Amino acid sequence: MIDALDGIDGLRDAASMALTGLGLAFFVAGTLGLVRFPDSFSRLHALTKADNLGLGFLALGLALQADHWGQVLRLALIWGLALIAAGIAAQLVARAALAEAARRRR
Amino acid sequence: MAALPILILATALVPAAITFFLPQAAHGVRNGLNLGGATAKVALVVWMLVEVAAGAAFETRIPLAPGLFLLLRVDALALLFLALSAALWLLTTVYAIAYFRGKPDQSRFFGFFGLCVAATTGIAMSGTLISFFVFFEMLTLATWPLVVHKQDRASLDAGRLYLGCALPAGAALLVAIIWLESAAGPVAFTEATDLDALAPWAQRAIFALFVAGLGVKAALVPLHGWLPAAMAAPAPVSALLHAVAVVKAGAFGIVRVVFDVFGIDRVAALGVGLPLAALASVTIVWGSLRALQQREIKKRLAFSTVSQVSYIVLGVALIGPAAVTGGLVHLIHQGVTKITLFFCAGIYDERAGVKRIEGLDGLGPRMPVTSACFSLGALGMIGLPPMAGFVSKVYLGLGGLQSGAPWVLGVLAVSSLLNAAYFLPLLYRLWALPPAAAQPDEQVWGLLAPTVVTAAAALLSGVVAAWAISPLGLASLIVERDYLR
Amino acid sequence: MIDPALLYGLTGAAVVGLGLYGFLSLRHLLRRVLAFNVVGSGIFLMFGAAGYRGAVAEGTAGADPVPQALIITGIVVALAATALAVGLILAHARATGRRTLPEDDT
Amino acid sequence: MIPGDGAGGALMATVALPLAGSLLAVVLGRHGAQVAGGVALGVGAAVAVLAAQVAGGGVLRVDLGGWAPPLGIALMADGLAVAFLGLGAVVMAAVVAQAAALFSTRGGESRAGYGFWPLVMVLWAALNLTFLSRDLFNLYVALELLTLGAVALVAIGGQAGPLAAALRYMVFALMGSLLYLLGAVLLYAAHGTLDIDLLAIRAQPAPPDLVAAGLITAGLAVKTALFPFHAWLPPAHAGAPAPASAVLSALVPKGSFFILWRLWFEAMPDLAAPPVLTLLAGLGGAAVIYGSALALMQGRLKMIVAYSTVAQLGYLFLVFPLAGGAGAAQPWEASAWTGTAFQALSHGLAKAAMFLAAGLFVMAVGHDRLEGLRGLARTMPMAVFGFGLAAVALLGLPPSGGFTAKYLVMTAAFASGQVVWAGVLVVGGLLAAGYLYRPMAALFADAAPGPLTPVPRRLQALPLLLAGLAIGLGVASDAPITFLAIGRPDAAAEGL
Amino acid sequence: MIGWLTFVAVGLLLSLAGALWRVWRGPAQADRMMAAQLVGTGGVGVVMVLAALGDWAALDVALVLALLAAFAAVAFVKANSADGAGDPEERAPDTALLQPRAGREGDTDRGGDEGRSGAGGAAP
Amino acid sequence: MLLDVILCGMILAVALAAVSGLGVFRAVVFFVVHGVLVSMAWLRLDAVDVALAEAAIGAGLTGVLLLSAVARLERLAGGGAWRQRVNVLPAGLAAAGVTGALMWAFLGLPQPAGLGAEVAAALPRAGVENPVTAVLLNFRGWDTLLESVVLLAALVGVWALTADDDWGARAGVAQHAAPGGVLEGFGRVLPPLGLMVGVYLVWAGAAGPGGAFQGGTVLAAVALLLAMAGLAPAPRVGAPALRLALVAGPAVFLGVGVAGLAWGGFLRLPPDIAKPLILTIEAALTLSIAVTLALLVLGRPEPGDGA
């Protein structure tokens, strides 16, 4: 699809590498948070960051590698879906965690 | 002609099958069917007798599997047993109809009764070992519902003991047959079987298995326990067990095994005849001793059967012509004699409520016909001339001498003495002692008539033993023609 | 250099072993059903790896499609069995208050 | 052999009709019984046509979709398969007749009435397929279908006991499925085919084949309730409603055994090693003794009959070392193989008769404890007689199919000098007499049973009919034996 | 590029391994669920990278994973609501429960599903 | 290569975690994770179709099914004592034995003998370009037909566990959610997207990875979400339309199979009309699979269990 020049290609690869690297970093950070943070809610916080941003950067980086618009579209869709899913899951799980804590308290 | 054996089988089988589905109240149909069947069978057997005498042969094959078939074949030996069972079936049916008047479960009884007779007929006509086995096991099964017919505790216990003995016996028989046939191929009674593929020890083991398998039904000591217990069954069933079907099937089977499976030469060569004769002798004496101890009439008769049936086995085991003739003729003689006794015991029980020998006191004059028949039977059992039993014992004794086993005479003497010891007191009680009970009524012709006929037969077959058409004549014919070549 | 087909095949075999161990040793019924599913996935992995061998060896495009089709069928069948088993476990628990088979109680 | 043309119609109908029936029953709900009745008639006709085709034209083979193995799936009807299809048709017809009375849907659709019909027809389709299919994976799907249907039928009673029994069954069955699947997968990986006939050419004594054979054998042994994997069977078979029990006991274990049988005799006869064969038969023998001994100790009729199934299935495994031991003196060959087929057929008929009779007793008395059955011989003579005839067949007494089976197998045992297996047959027969005597004695006891629910006579005729067929199988063994020889594998006569 | 993408995939996988530790450790059920959520999202990431590495058709797998990612969480919260069929939002949370560190109280996953030692005792 | 080694290591670790430890909940969560990892493995093994199925079923529906079941079970089960594990040693030995045998067998596999070439040769006559779909719906369509019946049978089995009085009620426990809440919002947003993805997967299956099972599973998830968000009540088990939907797939498949008799044999699909036939079958199958799977996860009708 995007096959004009070697320079652009090299540039594209570099950008792609940077973006995916950033995505990876967010994931690692999220995992670190999940592992290291002391309680459920702060861990949840770490998780949502990693989900949303990490995946976003990854998708962006990979989109540069795509050779078909359909693939870019799908990458976007995936990111969108993940965004919704992660947000909703985080909300729900947090509330469930609250309820769970409440149950334990009684 | 080939259909004749099937027809004979059908005379018992078809009425039985229909009877099962008849309601209790259908007395007329049921009695008609059974009597009709029995009569037809007698007629067919007589016809067959005539034909066989004229040299005809009857043979029918019913395929079971490729290479495996039920062979129904009538030779003289088969005819002997066939004639006995046909005649006694008719009489027992008459007796049973009278005996069961007003009692429940008649359809079931007559159904299984018919099956029993069909099985016995099949045993008589079996031409191969496997056919024999099929009918032999059928007999076991069909007899059980008859033994437990009263459905009371004693009957059920007797039934359990019966099956407990008969089923392992069947298994032993099956093992013997298959062991033999796996080496020698299917065994037909007409053809000499080549057993040389088997080692002599294996042949002896197979023979022992055969004796064990058949010995249960023939009530050889120590396999006889079920027979006395089975006297809990109704009188017609006892008659069937002791005279017509079950013990005779066992004895008949031993005859077949000795003559038609192994052959007398091989039996002699293997040295298994003598042990069998010894076993039979032990049974004869032991049965008599035990009979002496019994205070119940039917039980005494039952142990007497244990003793008497072994005469047949003894005769066959001794192998000599006279002994074999004696054994074979005893098949008939014991049958008619013992059935008479059981018929009488049934009448005493039914009409006078007498079960134990003490109750016989003074019954003779009051139940003269029954008691006369009973006395004839008892004398026949003892072997008093000119009764049938006498003829058998004479031939057996002769046979013992012929076969170089003079000790047989001793056995016969002891046995006869013991017979006398347990029968004569009964006769004494019947005729000599004063009555203890009120006047009973023996006037049920359905019970009396068959009894009289069998008693007469027991007397006649002794009296006319010298005639060619007597049982003795037939037995001699079989021996001369078929076994001593 | 390890052949990936071999790697996944042996992993599959090991997963089968782990699942089998769980299936045989665990008594909690839901966990046994779960272990059943683990065994199933191990079997499929082995099968898939075996089918992939051909692709590696011949250098043709794509792995053998027949194992793939069979695996899809197998996954669906396993799901059906799992659903019925779960239904039974719940009905059993409702009737008896147990999580295990009666003979597995102390 | 006829290629996959229109001649496969009757063959396919034996599977497709019950499948279609189950779909229809799912939709129609209340009319499941009528649908099943129609399917029973249809399958009966199809089996009859198929039997005529096979008898006339030999083995019939159909490549489904026109794709020949290894790409496609083949179904094959040989004498053995058709005989078992016939067994299924007969038993199912009787079961449908009894179940129609039991699961009456008059007055609206009920849970059990709705569930029973689709499940039983699905099970039937799966069973028929296990007899016909030549493809190991297709057989796996059939086995799963069979198992799910069977487990659900056990649970349909709904109480705690049956539910636990169904769960236990499920656990064992899942285990068996996994092992079987592992084996099938290995065979495909090694040979690129799942077709039994192609495997017969390609199998070799190499590690994958040996492991696969072992796994499949173990898996199928679990599903066939071979000792020591038998513990699930009795409570499951006893816990199901009687018509379902009849199907479960008479037919379902035959499906898995059938595959095992085909595998060893047709797919990989050359892989059989004597120790394996002896092990299988040894476990079978242990099942005979142990199952019978436990049957002796049961106090409930259905439990006795169910434990008897454990024992009777044990006999089937004697075929492995005994095949080929017919002996030169015998007029027939493959006697153990044929005898085993007879054992399976006769047991199927007799066991179905027993469970249907037991169902009628339960219907009349309300339970199946032995002491409550006392005296039923007077009130339900036909059913009791049917039960008794079935007992005769189970005992292997002449003239029954069980006797023919015992005769053939025992002949093979003696002819091949492996007398110990003959001992198993004898002891098993005597033990069977022991455990079947107890219900018979109870039924014949002189006691007035309590208040009875009347049982229609036409239902009483069903067990009698089935038991009569089990006897008839022995009386007329000639035709079935000849029929079973159609397409019989060589290993059946030559031994493994 | 292939080398880099492989590196990214390996890195993502390793980071998922960290999340697995949280699934194991808990302590609350919610913690395990969250960690699983992270594995799911990370899995979507890995699959995307794998798609770029080889067959772009694999994106469909990522799509399905992303679509179904929240399902487990939904099932979890539904099953853990008051009657097993509700939603944690239905009842206003008790303000007393909103105190910080409420979730950090031992392993709440061991309440119901731990083998209780009876006569036979629980295996380790 | 390193990637594969790490992936395999993680799969093993997760499988180990799923069968060890005390907590059921934890085990189930590990199983869900296992599904995700295995679907990656499928991609590595060049089996995108399987990866899709694994992602949708292994990681998706089975997880949902088990997660719901864990909570339900704890609610239902009393406090009776029970043992976590028995027969550890025999089980370990058996498992180790089987594993060893499998590895031995796998290492001893002869030269690859797959059917890739045969499938490729027959593909032009199959009606679809995706070889996996060709195997599923044409070469081995019989398996697939039966598999759809397996699902149906399992559902009938689950329904048969209903309490007698509940027969005819709505499937599963009555679901409800806070009006206007997050869950309900999710239930409104996701279904349109899910529907699109599901239909896309079925449609794509003819040429590329995808197919009725994968698409049907996604659609089932959508339906489940609608039910769980309280937006659409589960159907009644007696509803005629529901029952028709359940049997549509197998019925159409069976019907096409029988029609094949006219073309010379059961399940024959003439090459020139194979594609439309397969698409018809797939459409019907998708509907049935979606409905069946959703109902399987919902479970037997239990109206009494709700609010």
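By written order: A, B, C, D, E and F. Residues from 1 in each chain.
Going forward, contacts are C-beta pairs under 8 Å (C-beta built on N, C-alpha and C of every residue); 3 or more make two chains touch, one makes a residue touch a chain.
Computed from a prediction, not measured in an experiment: that's the story for all the values here.
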Fewest hops from chain A to chain E - one hop per pair of touching chains: 1
Both-way neighbours, i.e. chains that touch chain E and touch chain B: none
Comparison of D-F and C-F by number of C-beta pairs in contact, larger one: C-F
Innermost chain, where centres are averages of C-alpha coordinates: D
Between chain A and chain D, centroid-to-centroid distance (C-alpha), Å: 57
Distance from the mean Cα position of chain E to that of chain C, given in whole angstrom: 21
Approximate Å spacing (C-alpha centroids) for the pair chain B, chain C: 68
Where chain D and chain E are represented by their mean Cα positions, the distance between them in whole Å: 46
Chain C residues counted as touching two or more neighbouring chains: 16, 20, 23, 27-28, 33, 46, 50-51, 53, 66-67, 70, 73, 77, 80-81, 84, 88-89, 91, 99, 105-106
Sequence positions of chain F contacting 2 or more other chains: 24, 44, 46, 70, 72, 77, 81-86, 88, 98, 102, 106-107, 109, 112-115, 119, 139-140, 143, 147, 150, 153-154, 157, 161, 182-183, 186, 190, 193
Multi-chain contact sites of chain B, meaning residues that touch two or more partners: none
Residues on chain F engaged by chain D in the complex (per definition of touch): 98, 101-102, 104-110, 112-115, 118-119, 122, 138-143, 146-147, 149-150, 152-154, 156-157, 159-164, 167-168, 238, 240, 243-244, 246-247, 250-251, 254, 257-258, 260-261, 264-269
Residues on chain A engaged by chain F in the complex (per definition of touch): 77, 81, 84-85, 88, 91-92
In the complex, chain F residues that touch chain A: 182-183, 185-186, 189-190, 193
Of chain C, residues touching chain F in the complex: 1-2, 4-11, 13-28, 30-31, 33-35, 37-38, 41-42, 44-46, 48-55, 57-58, 60, 62-73, 75-77, 79-84, 86-91, 93-94, 97-100, 104-106
Of chain D, residues touching chain B in the complex: 327, 329-332, 375, 377-378, 381, 385, 392, 395, 397-399, 403-404, 406-408, 410-411, 414-415, 422, 426, 429-430, 433, 437, 441, 444-446, 474-475, 477-478, 481-482
